[in-house]
Amino acid sequence: MIGLTHYLVISALIFSIGLMGVLRRRNLLMLFFATEVMLNAVNIAFAAISHYYNDLTGQMFAFFIIAIAASEVAVGLGILIVLYKKHGSLDLDDLANMKG
Amino acid sequence: MLQPINVSLESLNLITLAPMLIAVAGGLIILILDLINGKLHKSLYVMLTILVLVVDFGATLGLNVNERGFFDVMLIDGVSIVSQLLIIVASIIFTPLALTSKRFHEYSYPEFFALFLFMVAGFQFMVASDNLILIFVGLETASLALYTLIALHNRSNSYEAAVKYFTMGALAAGFFAMGSAVIYGLTGSIELYRVADVLAARMNETGLMIAVFGSAVLLLVAFAFKLSLFPFHTWAPDVYEGASAPLAGYMSVVPKVAAFVVSIRIFGMYIDLGVEWVRIVIIVLAVLTMTLANVMALVQEDVKRMLAYSSISHAGFIIAALALDTTEGTTAIFFYYALFMFTNLGAFTMLWISRHKVRRFDARYDHPYEKFAGMISIRPVGAVIMAIFMLSLAGVPPFSVFWGKIYVMQAAVNSGYVWLAVVMGLNSAIAAYYYLKLVVYMFLKEPVKDVDTVQYNSSKPLMAVVGFATLATVAAIFYVQPLVSYIYYMISASGY
Amino acid sequence: MYETIAFYLFSALTIGLFLITVFSKNVLYAMTSLAAGMVLISGFFFILGADFLGVVQLIVYVGAIMALYSFAMMFFDSTKSIKEKNTNPALIFVLGGLSALSLVLMFAAPIYNESIQALYPMHEGVGNAQDVGIVLFTKYLIPFEVAAVMLLVAMISGIILAGKKMDQSLTKDTCVDDEILIKKDVK
Amino acid sequence: MENILSILVFFPAIAGLLGFVVDKESARAYGITVAAIEFLLSVWLWFSFDTANAGMQFVELIPIIPDFGISYYLGVDGISLFIILMATLMTLIGMMSMSITENIKNMIITLLFLEMTMVGVFVSLDAIIFYLFWELSLVPMLYIIGAWGGPLRVYAAVKFFLYTFTGSLIMLVGMLFVAYVYHNLTGVWSFAITDWYALVLPVNYQLWLFAAFFVGFAIKVPMFPFHTWLPYAHGQAPTIGSVILAAVLLKMGTYGFVRFSLPMFPDASVMAIMPIAALSIVMIIYTAMVAYAQKDMKQVIAYSSVSHMGIIMLGIFAMNAEGISGSVFQMLSHGIVSGALFMLVGVIYDRRHTKLMSEFGGLASVMPKYAVIFGIMLMASVGLPLTIGFVGEFLVLLGFYHVSPVLTALAGTSIIIGAIYMLTLFKKSFFGPVTNEANKTLKDLSSKETWSLVPLVLIVVWLGVYPKPVLAPIDNSVKAMLAFMDAKAITQEAKDMIKVSKTTLNRGEVK
Amino acid sequence: METLVYIALFAPFASSLFAALFGMSPKQTFVGIVASLLLFASFCASAMLAFHVWTTGAGIHVTMMDWISAGDLHIPFGFVVDQVSVTMMTVVTLVSTVVHVYSIGYMDHDKSFNRFFSYLSAFVFSMMILVMSDNFAGLFIGWEGVGVCSWLLIGFWYHKEDVSREENPSISPSWAANEAFIMNRIADLGMLIGLFILYWNVGSLQYDVVFAALPDLSGSVLNAAAIALFIGAMGKSAQFPLHTWLTDAMEGPTPVSALIHAATMVTAGVFLVIRANPLFSMTPEVSYFIAALGTFVAFFAASMALVNRDLKRIIAFSTLSQLGYMFAAAGLGAYWIALFHLAAHAFFKALLFLGAGNVMHAMHDELDIFKMGGLKKAMKWTYIYMGVASLALAGIPPFAGFFSKDAIIETAFNEGTLFLWVILVVTAGMTAFYSFRQVFLTFEGDERYKAFGIHPHEMYKYVLIAMSPLAILAVIAGFAQGTFEHFVTKLLPDYHMSEHTHHLSMMLGLIVLAFAVGGIVLAYRKYYKGLKRDKKLENSFTYKLLANQYYIPNLYEAIITKPYAMLSEMMWKDVDMKIVDATVDGIAKFLYKSGDASRKMQTGNLSNYLNWMAVGSVFLLVIAVISAMFV
């Protein structure tokens, strides 16, 4: 029988995969993918908990997370575009003008 | 089958929404105005923004303490009122800084002001709720607007800053969401008052602590990022440097106040529940933050970057007050920010006044120390004012931040954390060095170039802002009493 | 029973797909696998009875977000595989492993408690969309509206950031005096 | 004139603000006039002071932040009265003798602000107000050293600031803790020192608090091993800076011990006698030796200041009226004498732009008046009877003898080694043939210099011969304080150690 | 009578101030005259007071005003004129008056003539305070005051350069002045401690109160007080081991040597012991030590005088030796004898010095007696004066020295301290020898000075006349022994020889006399005819040892002065700079360095930032998991 824990563990694993992606990626676009993965992981957890408590709040939260993810993408891509216009690159290693 | 829902208008308590609605409406009005006539001067928008904010301020001030509204999503307690007032006042000070004598990219967008007002509304929502969803949505609204405002400065550095802030913000959002999920799993609710009740009942269950700690850690990471605590502070110096000076000053106050409010609600809850572990972690982070930021600020060559580190250090200073979780500690947070706000915004305004498109002193920095060398002989009044801001930040009495400092330290002492107060004292001493460095440059060195440029951007509105900030910094001793008693009343009324 | 099979299937697939997303060198693969992963996640939602959420997931994520990403990908001209100096793999795996371990340990705790009463229970025999709608437009009306503002902000941001005006700097501070000063510096 | 203290504090500050308007050419005259008026006001304070009353007088109490318990609370007693007088006098004299011409207006304004903070420190009866003036005094001094100092001035100024600042922040924590304890016991917040006096603290609290205050005060004094900022500060500061620093700012530290540490923590103070005496003796002997090794006249005097401050510290911890009164008197005497010595070094520095003893020799032949005044101040510095320097030193040693004869003998070596470095300085610079050509044409004291030095000479002799007008009020207050400490002490050993004089006036009621 | 007291005290002060007014102007003879007149006035007042005290037998006690009063300590400016102090006052003012007049002639050509009188009178004033004070603190004022005046006067010719010790054992006037001051300070510390002991045990520093309270004090306290006070006395009276300054002090002008370093100041130590006789009588061990030390110094100084070639230094050694005699007497309890010798010594030693001054004046400041000889022709009166003084010093009857010194030696016998007696007797012989060695080498024999082209001439007439009172007193003072004893023993404990001694007194006297005469005869035989240098003797170890003052100055330099300087240098450069200051700077540098180091964390690379964030969060998570296991 699949219990809540199963879902949560999957969620945890996917979250960690996302985290690894964030750590690994140097290309900003790909890095954003990884953050999406993390948010999706959380969505699974919310949906699962919501299901097991028979409570709608979790679904609400997941719903808003999706909305937030969408807005983030919009703004994030906007910033990436201006950055790309200026730098011609999305590589993080080229982006270290300010340091120290 | 579903029952029809009857909701009376009174029970919604719509008044609790008024301040945010005003801000949002203001933003929309600006957008509409721009649609109607695209050639309106920025001064119009500036004044409009200020007007909206003033009305907002009035509406906030008129709220009753401890009311809930809209299915208990809105929470108007003392903390939220005080923090909203702080946010609005800081915003009012920030707005006129658009009226420089020279033109800057971002202010040629009317949308700038609309976004700004949406951001204020976002912060207001964030502080006026204990529902994690609304907090999250408000936070993201404000953050997204803020990222854009930073990028709008339209320089290579500001894009870099926006990207860094955005990316790390996204990661932090992930942590926040995950933390909320754990809380939800633990309690079946995401409304903090209920969370607290359920958790209190479940505290004795075996094996649960790991999840409690875990949820705290995940949320802590998210807010430590916002509050720029070590090791989540790395974005702060770069973002402050890349953002325009007023925005940097603004960022060192407003988002942090908002984040503090949420932190008080969340971590205060944990500590109240007897999870001492959270308190210890926060104090350790606080000490690390103030110390490391201080030592890093020592070696900076740029004033703005130095002020960025100093803001981090100040945040570390205050988060310690949060960990105390006493009424005084919580009061101290707002009290400190209220006093810090004027000085810090004043200092950043001084940088703004001296801002150039071309970097005349250093290939990398806009405001290297050399720029201010010998300012006393060029602009004595400016130098004295800047020195007052620096001394105030260093905690020299009787300037404003000093009173905040002793209040925080007193709060620490009162809770039995004398060692923490000592650490705070020593850190203030370290910090004095880099503030003093600027004073030394201004007063004790010869000018590097014939710099009439230190007041390059100066205009009447900016002077007024600086003048006001100076007055607030110097005359702090006269308004500390009403301020602290008001804040204390508000905080204790809301039960913190 | 079929739930179990679906669960394990989806789990294996999502994990695999997301691993590709994270580790692939090719943007196209990464994106495609991300999209596929998200579709599978909506599968989880359907299993869990969150039909509305599953639909939203499909529409918003797989529809809107992935479309945005693909446009961006084209804009950035990064269909080809890209070179990255990736972070030290050891660090990634240690951190990833540790975080997975601790999160799993955390979730393995007896989080679930029978006694907790649902605040906004799902109703028997009522469609999930209806249930969600009612809660969304009563209790969560305000967040909903704020989310609208957020989307507005995102929209404005996207428009002005990607707009033409950003291509040149409107900052203008070189007046005559300043030019003289700069000349002086050069001397 | 019930509010004469407020006038004393704020008159120079307001004058300083108005000073921005005064023309550069007239700034000096303006400054001297203001300082003179301030001095006359302080003299008036003295004359209206009731010497028979050992308690606080001219008390002003206005609550400013009642929630913190902070009030604007001023008052003087015999202990602080004369330090205030000395501060205003030395400011006046320092300004009169000042030879700086560059940025004179800034200097005058800075000095006037400095004067406010100095007076403020000594009249404050509220710990936070005290702390406020204490910290604020660093800023003008930083500017004076940093803007008009020698080649290493920025280093010296910053070191001075940070060192003192660090110490005082620790002290601030101590103050906050006392307030907390006070609140716990009474339920009221108060930073008033007079309220704090009433606190009877357990011994371990006392020890910790004593340590916290000690750090703040000891750095200011400066006690060994916290003294190293001082030689730099003095070495780099302009003459006026050194004069004020030595004469007044250092006294803040020792005054703090008398005002805070002793009456608030009598038991801890008694326990601290031996460690402090050890440090003081190290300070006396060690810095005197270091002074002997110096090549620079000003450094000699700077180190000698440290050595003399050791004597003052010793006296404070004698725990009897003889020692403490002597200590307070020695503060005055050291202020006047070392101030004068720094001015004298400034005189020669103005002429030759060097302070190295090896550059001089035989100055007595070319500058006899200068040599005479220098000689008198030197003798006062080594504690010759019938000069101001003797009274304090004698009383301190006498008082401390009661605590420990052996340590007194060690501390007494100061009269020997003090003579050694001072006489060596005098011999190297003033005696012998005039070997350096540049010295042969030096002008003797100008009238400006004479007029600023002669009053000091007169005071040195007057208070050496007839110290009673000053010593009696000091003694009254000290006796009352000791009686109070004795009554308050909780450990028997403290009660044994604190010696109450037979003729003690009652401490006047504080309004 | 009070007026007289104040006149006696303040006339010198007035004189000093008056001279100081002209301190920086060129020589004005009237300054000297006025000063001398004021001093004479002081002498007259003292004499009248002496007469008053003698006739009434009662002292005068005046309190001028309060000085220090703190805690329970009250010190007034109080003056007491009793038998002891009036004796001192008279002696001091008399010698001072003579010296003042003498100085008018002696300092004739000095450009700092006026300044000299100012210092000299200031000295007399300090000395008067010293002897007249009615309490220990007042005594200490005078004590330090004479020290400063001595410093000023020794260093009077401050413009002279430092030279090596071989060239001039005193190095330079300013060096000698500093040496004197610092050595005195060492002893003063002892004295201060003595004061503290008395105060904390008695509660007052007034002589009468202290002396009245002495019987109540424990033996150890008394001993400690006596030792401490005596240490003070040792410095001022240049007792071993603090004696080196006295001979170096001869760098000062000769009148100064006469007044300060022979007649008055150096006897202050003896005066202190006499003044505090109730204390010292109660501490026999300390007193015995004083006597022994005095005896030792008498012999020790005399031995150095035997071979010295410097006219003034010989006299200085003799002063030292005579001080030893006085301490011997005082230590043995014969206070009045000590005081008597003090007075008598003041007269003839001042005379001797003034005579030496005349010689110096004539010889253009040449002091080496090997370069003199045969001066009697040119300087008859000086010869007579110095001869008389030397006879007195040698203890030949009927000159003053015979009576006083004989009494001391007899006391030593009387007390049964035969060892001391023997040494004192031998020393008496040595005294006679070196005195006359010096007189003969200076005035008799071949005129060696001619080789140096010096044309000696006699001193001014008025100066010689001014010296006559001293000469007369040197001759006759001894006859006043009985009267004097009667006078001062009203205050001081009387001292009588035992029956046994009394019987033997004639014989004892003869023994002493035999030694004295023997010394003179030896000197006569060796030096009367002129200088015959004995190379072998001069190269012998003993001779060199004596000539170099037992190498004690060199020793002091090697074990005290130089190590002190080195240690100071080390304290500064190594300890203060490299340890104390470097620690402080080290902390600052450490903070700065750690800033530099932690700054590297801020690479600017977003990926690193994300790593930091992840590291932080994972670390916290792990900590959370671990700590949750222990809750």
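A, B, C, D and E are the chain letters, set down in written order, and residue numbers restart from 1 in every chain.
Please note the rule applied: contacts are C-beta pairs under 8 Å (C-beta built on N, C-alpha and C of every residue); 3 or more make two chains touch, one makes a residue touch a chain.
Per UniProt, the chains are D = NADH-ubiquinone oxidoreductase chain M.
Quantities reported herein were computed from a predicted structural model and do not represent experimental measurements.
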Contacts common to chain A and chain C (chain labels): B, E
Lowest number of touching-chain links that must be crossed from chain B to chain C: 1
Innermost chain, where centres are averages of C-alpha coordinates: D
Chain located farthest away, centre of chain C as origin (C-alpha): E
Most distant chain from chain B, judged by the mean position of its C-alpha atoms: E
Chain centre separation in whole Å, for chain E relative to chain A (CA means): 96
Centroid spacing, where centroids are CA-atom means, of chain D and chain E in whole angstrom: 36
Mean-CA-position distance for chain E and chain B (Å): 78
Centroid distance [mean C-alpha coordinates] between chain D and chain C, Å: 67
In chain B, residues with contacts to at least two other chains: 133, 137, 140, 144, 147-148, 151, 154, 163-164, 167, 171, 178, 182, 185, 188-189, 209-210, 214, 237-238, 299, 433
Sequence positions of chain E contacting 2 or more other chains: 588, 599, 602, 604, 606-607, 610-611, 614-615, 617, 621, 624-625
Multi-partner residues of chain D (each touching 2 or more other chains): 162
All chain pairs that touch each other: A-B, A-C, A-E, B-C, B-D, B-E, C-E, D-E
Chain B to chain D touching residues, read off their complex: 376, 391, 394-398, 402-403, 406-407, 409-410, 413-414, 418, 421-422, 424-426, 428-429, 432-433, 436-437, 439-440, 443-445, 477-478, 480-481, 484-485, 488
Of all residues in chain B, those that touch chain C in their complex: 1-2, 5, 7, 17, 24, 31, 70-71, 73-74, 102-105, 108-109, 111, 114-115, 118-119, 121-122, 125, 131, 133-134, 137-138, 140-141, 144-145, 147-148, 151-152, 154-155, 178, 182, 185-189, 191, 194, 198, 202, 205-211, 214, 355-358, 360, 449-450, 452-453, 456-457
Sites on chain A touched by chain E in the complex: 19, 22-23, 25-26, 31, 92-93, 95-100
Chain B residues within the chain A interface of the complex: 132-133, 136-137, 140, 144, 147-148, 151, 154, 156-157, 159-164, 166-167, 170-171, 173-174, 177-178, 180-182, 184-185, 188-190, 237-238, 241-242, 299-300, 305, 364
Complex interface listing, chain C residues touching chain A: 3-4, 7, 11, 14-15, 18-19, 21-23, 27, 30-31, 34, 37-38, 41, 44-45, 48-50, 52-53, 56-57, 60-61, 64-65, 68-69, 72-73, 75-76, 78, 82, 84-87, 89, 91-93, 95-97, 99-100, 103-104, 106-108, 111-112, 116, 118-122, 128, 131-132, 135-136, 139-140, 143, 147, 150-151, 153-155, 157-162, 166-167
